[in-house]
Amino acid sequence: ATLTIGTSAEPSSLDPHYHNLGPNTRARKHVFKSLVGFDAKMRLQPELAESWRAVDDTTWEFKLRRDVKFHDGSPFTAQDVVYTVCRIPNVANSPSSFTVYTKGIAAIEMPDPHTLVIKTAKPYPLLPAELATFGIISAKAAGGEQVTFDKAGCKADSWPTSQAFNDGTLMVGTGPFKHKEYVKGGRQVLERNPDYWGPKPAWDTVVFRPITSDGPRVAALLAGDVDMIETPPVQDMERLKGTPSVTLAQAQSARVIYLALGVQDTPPTITGTDGKNPLKDPRVREALSLAVDRDAIVKRVMQGVAEPANQFLPAGFFGNNPDVKVHTDAAKAKKLLEEAGYPKGFQLTLGTPNDRYINDDKVAQAVAQMFTRIGVQTKVDATTANVFFSKRNKQEYSVFLAGWQADSGEMSSPLKALVATPIKDKGYGTTNYTSWSDPEFDGMLETALATVDDAQREKLLQAAVKRAMDATIIVPLHYEVTVWAMKKGLSYEPRADQYTLAAKVVPAQP
Amino acid sequence: MTQPLLRVENLQTHFATRAGTVKAVDGVSFDLRRGEILGLVGESGSGKSVTGQSILGLVDPPGRIAGGRVLFDGEDLVTAGEKRLRAIRGRRIAMIFQDPMMTLNPVLSVETQMVEAVLAHDKVGRAEARRRSRDALGRVGIASPEERLAAYPHQFSGGMRQRVAIAIALLHSPDLILADEPTTALDVTIQAQILFEVQTLCRDTGTALLWVTHDLAVVSALADRVAVMYAGRIVETGPIADVIQAPRHPYTRGLLDSVPSRNRRGVPLRSIPGMTPSVLDLPKGCAFQPRCGRADAACAVMPELPENGHAWRCWHPHDADARGAAA
Amino acid sequence: MSAAREETPLRRLARDFARSRVAVIGLAVLVLVMLAAVFAQVVAPQDPYDLAQLDIMDSLQPPGTAGGAGWTYWLGTDDQGRDLWSAIFFGLRTSLEVGILATLIALAVGVAVGMLAAYAGGAVDGAIMRLVDIQLSFPAILIALILLALLGKGVDKVIVALAAVQWAYYARTVRGSALVERRKEYVEAARCLALPHHRIMLRHLLPNCLPPLIVVATVQVAHAIALEATLSFLGVGVPVTEPSLGMLIASGYGFMLSGNYWVALFPGVALLVVIVAINLVGDRLRDVLNPRLSH
Amino acid sequence: MIVFILRRLTQSAVVIAAMAVLVFTGIFAIGNPIDVLISPEADEVERAAAIARLGLDQPMHVQFARFVESAVGGDLGTSFVHGVPALGLVLQRFPATLELALAAMLLAVLLGIPLGLWAGLKPDSVAGRVIMTGSILGFSLPTFWVGMMLIMAFAVQLGWLPAGGRGQTASLFGVQWSFLTRDGLAHLILPAINLATFKLSLVIRLARAGTREVALQDYVKFARAKGLSPARVVGVHILKNIMIPVVTVLGLELGSVIAFSVVTESVFAWPGMGKLLIESILQLDRPVVVAYLLLTVLLFVVINLVVDLIYSMLDPRIRLGGGRA
Amino acid sequence: MTRPILAVSGLSKRFERKLDVVERFARRLGASVDDSVLHAVSGVDLAVAEGEVVGLVGESGCGKSTLGRMVAGLLTPSDGSIQWRGTDLRDLPPAGRHEANLKIQMVFQDPMASLNPRLRVADIIGEAPVVHGLVPRREAAEAVAEMMRTVGLDPGYMRRYPHQFSGGQRQRIGIARALAVKPDFLVCDESVAALDVSIQAQIINLFMRLREELRLTYLFISHDLGVVQHISDRTAIMYLGRIVELAPTPELFAAPNHPYARALLDEAPRVTLEKRRFAPIRGEIPSPLNPPAGCPFHPRCPHAMPRCSQERPDLREVAPARWSACHLNDTL
């Protein structure tokens, strides 16, 4: 049987290490498995590694599966992992590579072909999660059987080009599907890997068709062109729900949509305050948070296809602090503004992309309405993602709307990126464009990130979340809910990581 | 007397325009015998061209023939069907237009345009059609017709183009050629050449010719008979010499008197006062009366045009011997 | 020729124009629409740009729903809770503003450049016309797309982008008719009378070059409106917070498959009516002003 | 003729050069592609490395010089996003767009000219008026709206035709074409109609205006006076004359059809260059945008040349006059 | 003859088209493109006495209009000089030249195209005198009315537009416009050619009346021999940019000297009583792009001799006041 899936975005390359991007990873996961995987709830699960354990704070041991064969029939061994880790920093032209996830590795040892010992320089609890981000390629197919790991840079005659993946020559993986055909912009065709070590997929052939416009993607499903689509627009949910030939699957994702409140000394987009930045006053920040009616946004703008957010990751995710709550109280918000010395409010421009997140600009407009209602006259500057991100990264917005997806599925990811004080070479505060800096918080986070024990780490993270939320630097709005729509007769277990995995699509049991 | 080749009886051609009905031709009648040359003269807008086109049923909407008969060899062309007309057009009655720049299709070669004219009426091969075309070109005095066939109209001068048009008209040796001011746009020396060809051809083939022009001089040199039109009607007709020598209608006379070379040098010309009336609001009765020195109450009724040799449509014609000062 | 009533060219134009009923209807619609757009504040119950007047809880109400603020949403609301009836008027205003201003700017630039080229001739003419050729040989939508990607969003930027892609049409048209008119004897007569150059250009040449320009301009207004709608659809037009008709449609586009047909339908219809009306008027003007078809 | 071609080529060279500079500086000014491309979790070291890999650490004029240098050698750079040669990327998408554009053009011409002739010959008839009204509508409707309506009607409601995508393709001359397979053809119909709507209206109007003008000319009357059948008068004498303006405009329009396919391709998810362009602009994939525009300019040059040749075939005054056009 | 009011000597006009860069390059590649020089008028000498009417006849494209337009200051001569009342126009100071330019006015051929359709008659006639300060703005209306009366138009029509007039009336407006700046010299370029015979006669009469009343001098360009014969004192016949014969009108028409003049006069149709056999000269006017060497008329001339194709005959006085450019005059 053939399964045709309409995807909302196309991978920019089939090279699994070229670009750390959702669609690329989705495509990768069909053909190249990684050491560690995520289940639908984004909990770690074994993949090519059968099991793993922390030998000590800086040493990890992975036991690899023994029954795994690459698509070309050759067996999967530890050398393939070593080669993959070596290759990752050597992808030509990669705009955004996976080196962030391999950097922590200080050394790799292979006691036997199915055991890996990985050493880190510091305690690195996130290692297994980060090993889940990239797929393992075949060292043999790429001619890298002799390559050994070297922290300073591995040596090889040449590294495979992305082109070799795009044209199929190196599409030799360990996944449930084999590469068959790829027409850029047109389709990607996969066929079942009969020798797959895991549960066999239900489909002989899978066709991915990128249909990036929302309407046509839904139309293609309704017209029967495709069997399943990713992320139908929330506007069409009602209709899809009412269409008997269609079933839906939806799952809360690990992506939070938030507002970031900038505390720069001179606010870039606030006027009416004599040049002062009102957001430096915690009361004002709290007032803004109180002004936001998250239920209204979820119900109206997101058509119910979202979950009001009170922190960076929904309940159930590692590090979620059940004690953290947010409220909506316009009256109190006004009062707080008054106390802070802004009884008449001020003027604010809210930056937002308009093509990055689901209904991003509409959410921003709703927020603007709500801010305006408590007296902060808010304008929305909605631009395409490229312009928005450039401006944001130059801190040209006092308040902006953005989203964060925790790829590792745990709280450290958003905290490290959004709230921590930026430290360039350590990857802290990479997306903290608020000028916010709280040394105490930084310390809490650092401790957590060095704690390998999960239970203890979770506690630390929960405390850090509380501290961050109390400062109201980030105002969480909602968690995106990922939706799949498919023909009646199919079922899909919705995934928090938002990936559409053909192997998990099954004909419904009668 | 034998039946005339062409007999136009009370022809009326009207144009329905936004401003009202334009009676461009309003009761024109004349005869044309085989081999005869009739000059149709009159000022701009008097209805000469429309008359010519009405004969072949070529008036485009909003114009239509509102009445009258056009008897060609006894057959009424006004009531004839489009198919019948097509059989006559080009074969028995040919037509030449005024502007040689505009009568040939600029994007088709001369050969195409001639051959299609042959093939429209005769079922002959292309080679034969081509041969005939070449001969026709030769007959109108075009040097090396073989090469010229392949040329396009813009490669010809005005005079040459008019010759091509005439050659096309001659392809089927028609009985009648309607020539609508074919030399007006040409220089005198070229005009003389064309007139020479036409004259020779008519004499040799016995083709009848209706020569429409506003130039009395050309008509006087070429035609056997003349008909003078004013505001859609013929006001005077007769053998050319009679009309020129003794114009009876005041308009004809005024026209002749206006010709500078018939006046003494330097003295004011005896012109017709006033201006050509708009066809839309003609006075009742004689259309010329507002400009006529002789008009009186009688002119409110349209005079008839008697049907004989030299005839005129006027209540107060000039005397036959009272000639103007041109002598 | 009736001596009593004086016939100015304008009056003649009006009379000829009025002979086509469809065109008169088109003109009437256009005038109505313009008035509605100008007086949008008065005609529309809600100011859709004033966020304080919007309530997200009123979003996507079907036509005829009673709104929270005491009036009825006759055409329903969009996803922001904007009253569509009001939004259409304000959108019309933006669309017309974009269309007309862009056209006027382009017209001004084009006429100046075109006249200069025609009157100066020679190398100046050559250089200008090459520029125009280059501009014209490149599709408007691409230039606008790139320009807008460059300039960012905003009504003013759209206007600039549209003017930048349109000026060449006018330049070419003006130059074309100026060259024709320039050869006419009345211009020679003016030169013979030693009238100053600027006077000949402005008083004699320009008015006679206007008819084709008027036609081009009307059509271009319609084009500009449609182009702006398309650009907004592609995500590079006016900002979402001040939606033009195109933007309204573009955001309604997302609702086409859902049950909320009104969000896309009504602005679409409004846009259609405006463009058709303009085109009808333009078409009629073309017929009336074209001397070759006038009889 | 040589002069003509030479002149066109010189002009085109200028256009291409100007375009290259404009586009390059323009896109440069829009924003930093790194902001979009790089993973937000990446740290500064990683950022710097990526910037260096893409060559974005150099000042603009150096980047431009490098670009020109390799462009002369036929290399328009490597896509930031896709990591493959930009030109190859665009070229790969080119057949899809070309196919769509040609199909639309064909539709526009094959329907537009007869309809325009009809409307021109009988301007006051009911059919003539209907055609003209239709063409005004076609002229006025925004393309994306029409496209969506078509999908709604024919794909969603009636289910006759697929809603988007390119469908099955077959290979001809080593290129994949849709029209060779049934499925592909079915996929082609709606987008082609969508893209053709505007041009169709344009052709109708041109043909009608031309016909009305040509029909008044003396040579048409003369052709009738020769006793030619109406079919020949219309089919040869009138048609050949109106083809001249139609061909000129169509030549220019083929370019704009290719450009406008941006919209249709977005609506119908047609995997052509236009869609690639939009994506590339949004992702600031500079090399691809530049490659696209340069390719388009080149295409226009070729089209214009072809049009001029056809034009001169149609109009002997140009072909034989030897004058400047 | 008194001192001429206007004299031209050696007046020439060439329309040149130079190759541009691309074309020059193309020529290197073997394309057949060349600079082209069109000799519209070549070395014309002509003097017009005050109050005189000089007719200029010739066939289409022979350069009549070009000559007229040079005289009227609309074209700059390529060579030669124009003297206004004895002074070379080039030697005059700008103000003087401006004045001289106003003194020479032109009446055009096409009664429709020569009037700006968007101006009222009052503006058409009154604009120039007001702009040049000949008439104060306040008195403009009166001046226009006066002018209209002069040319036989009803001043009541002052506020009308050109399209509301008939062809003859329009031509009168054109004349009034020229007269409004009080010229001494009128160049009439085919000013009656587009009119019907009956109207043409009225306009000719008007020209003759104005000549008397305003002491005007005319250069009367026409291809209609009858008109020229009627109106002009002297007639010049042009062929391919040159004057081939110049003589008092009656003498010229009675006995043309130049073979071309003879052919022209012969072939001009005139109203006669008997039918005529046409015996035209063959051939057509050669292109002024490459005029034949020697006598321009020699390819068509029935009397051409070998010398005619080599040596160009000068315009010489062959009899008192009669000038002709033909080698035959030498052999006599």
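By letter and in written order, the chains are A, B, C, D and E; residue numbering begins at 1 in each of them.
The working rule: a residue touches a chain if its C-beta (ideal position, glycine included) is under 8 Å from a C-beta of that chain, and two chains touch if they have at least 3 such contacts.
Because the structure is a prediction, the values reported are computed rather than measured.
Participant: Note the shortest touch-path length, in steps, from chain A to chain E.
Facilitator: 2
Participant: Which chains does chain A share as contact partners with chain C?
Facilitator: Where chain A and chain C share a partner, that partner set is D.
Participant: Name the two chains that are joined by the greatest number of C-beta pairs in contact.
Facilitator: That would be the chain pair A-D.
Participant: Please work out the Cα centroid separation of chain A and chain B, and write it as a whole number of Å.
Facilitator: Roughly 90 Å, centre to centre.
Participant: Rounded to the nearest whole Å, what is the centre-to-centre distance of chain C and chain E, using the mean of the C-alpha atoms as each centre?
Facilitator: 49
Participant: Centroid from C-alpha atoms only, then distance chain B to chain C, rounded to Å. What do you get?
Facilitator: About 51 Å, centre to centre.
Participant: Using mean C-alpha positions as chain centres, tell me how far chain C is from chain D in Å, no decimals.
Facilitator: Roughly 24 Å, centre to centre.
Participant: Chain B: which residues touch two or more other chains?
Facilitator: none
Participant: Where in chain D do residues touch two or more other chains at once?
Facilitator: 30, 148, 152, 156, 216, 266, 282
Participant: What parts of chain A, by residue number, touch at least two of the other chains?
Facilitator: 215, 219, 222, 355, 384, 387
Participant: Within their complex, state which residues of chain D touch chain E.
Facilitator: For chain D paired with chain E, touching residues are 1-3, 6-7, 10, 322.
Participant: What part of chain E is in contact with chain B in the complex they form?
Facilitator: Per the touch definition, chain E meets chain B at residues 59-60, 166-169, 196-202, 204-205, 208-209, 223-227, 229-231, 249-250, 263-264, 267-282, 284-285.
Participant: Report the residues of chain C in contact with chain E in the complex, numbered from low to high.
Facilitator: Interface residues on chain C, with respect to chain E: 1, 3, 6-9, 184-186, 188-196, 199, 203-204, 207-208.
Participant: List the residues on chain C that touch chain A in their complex, please.
Facilitator: Contact set of chain C toward chain A: 51-52, 54-57, 59-60, 79-81, 149, 152-153, 235-236, 239-241, 253-260.
Participant: Within the complex, which stretch of chain E touches chain D?
Facilitator: Contacts found on chain E: 22-23, 25-26, 29-33.
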